[in-house]
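Read from first to last, the chains carry the letters A, B, C and D; within each, the first residue is number 1.
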């Protein structure tokens, strides 16, 4: 999770960055920040809160310059400090730099230990601070070479944008785990963003995805970004972006998110063809279950109904910090459509089951509202392993699929039947033409120290 | 618009009122307030902002007592004052009272003039202040008789709850134009609310709608509210609640809002049966166009697709105060699903067209995204007349259907075809068993001075 | 207490009003508000907080027009409502008006009862609402005649400014109890203010005090305000303004406040001439005891020393709402100058003793800091009676001089000696040329119903 | 400027720290912060604003533990970042530490350069970050040895408190330039504070000043702090603390600030004995000129009068960030006492003249108010050099005494005469028993790289 953006070569750089961050608000709502570069000076404003709360006209007046980078942060493991917002700024030997990061560095602790053993200090809990230290410690003369050296010591899933006083360096890891795209802004300059849904709002045209292992360099005097292939690519984009995290109107590495979700639903329907049960309607858990439910309904010819209403005056369940808050918010967020579901058998579709508590509450809510049967379908495989590549999953002990079989989960959530996608189904739904990062489902932690 | 709630006979009255107001936040987001009664003293807290912003634990600690009334306010014609929030509180001859109101009094100015001619002062622009004056001026000894007398001078569409130090009086006008329902709270006492969607969250059971012309009196020593029929009922509930305003999971006067909207969509589809055009998909303008689009898709067998994505980090278009803010927000709120609609012919469904500017922008956005054709369908008749019965419509000159024919509008919004529901269609979609308030469509202002 | 201001005939009326209120912040810190009149429309902004908090550039942009009235409110008896801020605005038969008031109406309850018996409602606890009702109820055609009629039913100590859409009416009660002065603004127009200390900041020249019983009318087409003597004057200005409340650089009814306080100190010194005790220094309780202490020191030739330091990051004791907050704040506000007072005998001077708790704490603090002796002098007579004329004194039971003799108080506060001014001393210190309102000291409630 | 505090061995450590910071608010009003240590975990809260704004009960609940350090920050040279507040926290090889600092490190840039050359990064503009880097880079095993090593590379005027998870290390530079005192808290444990005025409020007893060059170590199992003399002392405390900055009730290195200011005034009076002029009164520029004016009046027998009133609802001139704000605030802060000074000759005393603009405005204000003559006296020598030892003075070009002779300044500010203290006078006024840091007056920058 998290979103990053870079704007290069546009006099409204910070304003466009803030609009792009607004379009990617779903990727992180805890904190947001922007650094602009103007006349060799980097200005940074960052704070807790939504993009629309942090960036008003006053803030944008401070953030002068024709390049800017920005970040949306989702809730952190216990990092309640304002210091844990990004961009991370530092003065170092070559001047000033500011960095934004989306991803997770799996050798973070080892790097930190080595760095602190050599006298480094860390002022935040963010792994982004690692990279900035490694860059500063490099003995190379040019920033681009320092970044390369730093990345050689960096293992994980990452997208970085490093902004100096006059350049931007964009890097995507060799696996291309986290998404990152390049666009051309009609009013001038370029945009780099985690999701293409940011391009429309700033009136930019999609050019291409940043390649796995690629570094793009934006610098004065160059009409186009310079491309340097830093690492041999081993493309394995994150499947979870398609399942849950990305906005449906985004195109990630050439695949439209909405369509892949429809496919997941269609596959669930096909799998149900020979199963012996009858339902009156397909009901999505809104909002993320909607495309799969539409796919299921289309495939199965069972009517699609909005049997659960979502109250949009509350935030997203998945990314709230504490368990206690999550409970309250589920109750205030989803309401059953009593008159539709009373006495009816429902096929309910959600994008995933993590801890099982939300699903259990949804089934109970529907049955309390009079549903005769609730058949639960999940548009992803069982989540048995925590993600270490940038999605904020709980500890393995909290993952219900780690602790229970499918049948046990079905009983636990009190559903009348429960089916998941198989891992093969998921791959085919997104597109069988490539490998995916599927570690939450199959435990294949292919990025290793 | 606006929402009102009353809680009687529960020790957590103010807390339940705030939760009910939260569930009805869609009816008004400008201001909110609650008055509780405790030991013969009325406490009031009201302020601008959302329910979740105004009512924290500190506020609820102040609002002690086992009865409370509350209000959500939508934006006002220019009333930027905090004083224009409700409840309206007053000390008068018999003690203290507090009032909430949903609706619009059409003889407001005449009553004000008569009252001011007799020396009354008005501290706000709200017509609610009329009623409180009329009650205070009555020569009757009992509050219920004063309310009756006051209502005899009050013409309009209204739902009132008057709270004294120990009682609550609930009144719905003789036409039942604005909705109002009665529920029983499982943890004790009763709830009155503009919409039944508030009942679930406070764990209340729907009992019945308040009847047109009925006054309910909640008082100590009575297990059930006393019912007094104040006026001969002439039932004509507002059709606009079904078309646009109410939450789809609410039941208004026995009819589920979602189902009526599905019906509207089905009717649009039937009307299109013999029309000569072909589309690839049915696309709703989210969120309010979704049920009708589902109905259309089901009836026509054309696939339903989410071709437009809504960003929920912005508020509702319809109820924002100024034209300028509305423009910006439309652009930030709706995004086209490029890869779905490119090269496709779309059947787009919205709930209504008011000024036409939003529809024009939507069509443009879809065509810019590559849509081949955009056939626009509206799940309501042409709005030719302003509503004086409690819906916040603009002046007649701003209503596009007042100024243009259907064909002219079609050209103006650059659609490939445009169809509305007929008034007859609308009535049948909601239910042909009764009359409706349809003044926005047919100009029949049946409530007259 | 409270401060009022009126600006007439200056295009920056609201800005000047806010600056004048800032200069009179000492008269009330709980809430503040301004109403301006512009093209026949009255705009009002009022809120809790200090002048510098409530009135920023945004607020002043709203408050257009060439006339404005404003108010600072001190804490109220339990009125925690934003509605209890002034100005009070009302629409009535003749249009719009807004009123500010400094003082206290002693027949408030009777007037309210009569008004509510006739059907009036009261939305606040402020007696200012009485006047606005009486004006609205008058049958006269002109506002000035309505005001006169209303004032005939109004008994108390008061200064009012009534602003209509095009005029201002300024009234001071027949006794001139509360101060009110007229000035001419160099950049154009007039200012009316509770204290002349407001004149300097807006660059205005003092013209004269408003006369007891006078009404000034500011209206277009008149170079100078029209003066109407409404009531036979019986001049008795409030002595407490000189003792404690007014700012020392104000001139009230021709007498400089600082000088009268010096006189009070000199008189205390003269009275001590034949008393048998010896002190090392005169120490004021800052800030209000300073001028009297300087007078005492000058007269007695005993050195003046700042033995107590005041921390200005806290507000004033006297005007805080609750006893509990007062305790905490005394402790955080005053610090003893240990090295100055250790082993020394002190003559401590405060302006008054109300409940005795602060004085007791001050004596203890000084003795704890090593003072050998603490002789306490009070620059006013014993406060035996509550003030009903606009000073916020506690109930009589809380007044220590109501419950104890001077000797008992001396023992209670643990002072080595205690002396007050006599009532005669006080009169002579301010000026023997007129009568004063002295009801807190002598119980002569000369304004009666 | 700035204030620091350390509380060790008291369960209410953070609360006591916040109260002590409140008492030292005059030393810095831009930002404030506290770090507590609890069970091996350091918690930090810091923000812009006053102590009373930043530390409420919620904040103090977070700041658990029996030790805490805190800081008040005055405005910075252009550091508008929240990151520039203290304490500065870091994780490093040995765990966690947090630091507060009052002073200025003159070899800051060289140390930064060396550190960045070796790969260090700096996230703020504060020299405090230097020390934390030096400590982290040390190869010693114990924190105390690391601190020693770090201090060997640190040149400047400083007081540091370094807090680890279980210890506090307090250091004052070898010259004792900035003040720092040790007290014993009656409810348990110790307090370290920049000024003794903080001791009273937390009910602590002064023990002694921290010695120049001394390190105090607070650790579990030791009843008293361990004292280590790190550097050979060369005691030269800052004279400016006595002249202007410290609170008058503080004792700095054995000398009461108020008394030294009285002495400065007395000396000015003695110097005037043979001068040929006659004044009617001694008038202080409040608040900081008051003690000197009292000393002058006592010595000269000329009456002391409060001819200028200060409005305490605005902050201090000296420490506001921009020139523009300063202008506005001077005008709103000081008012002339017209009736006292009209036609009179005044001897006005201020603590210092920095740029001359305030003095010029004061003289003009007094003459506009009718003063016949204004003789200006300054209770310090001419400020010809910027301070690099921790007082926030402007650039040398802005210092009026750098650009003009005394006579030229006298003409510039339009005074009738102008006299300063000589440097010798200043030394004698504070106490001839030791050397002082007088670099602002004599340019003797004795702390050198």
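Here is the rule we go by: a contact is a pair of C-beta atoms (placed from the backbone, for glycine too) under 8 Å apart; a residue touches a chain by one contact, two chains touch by 3 or more.
Quick caveat, the model's predicted, so the values are computed rather than measured.
Common neighbours of chain B and chain C under the contact definition above are absent. Taking the CA centroid of chain C as reference, the farthest chain centroid is that of A. Separation between the centroids of chain A and chain B, computed from CA atoms only, is 36 Å.
The distance from the centre of chain B to the centre of chain D, each centre being the mean of the chain's C-alpha atoms, comes to 61 Å. Chain pairs that touch, as defined above: A-B, A-D, B-C, C-D. Residue ranges of chain D in contact with chain C, taken from their complex: 19, 22-23, 25, 50-52, 197, 200-201, 247-249, 251, 256, 258-259, 287, 290-291, 294, 298, 303-306, 309, 311-314, 331-332, 335-340. Within the complex formed with chain A, the residues of chain D that make contact are 44, 81-83, 88-93, 112, 116-123, 132-133, 136-138.
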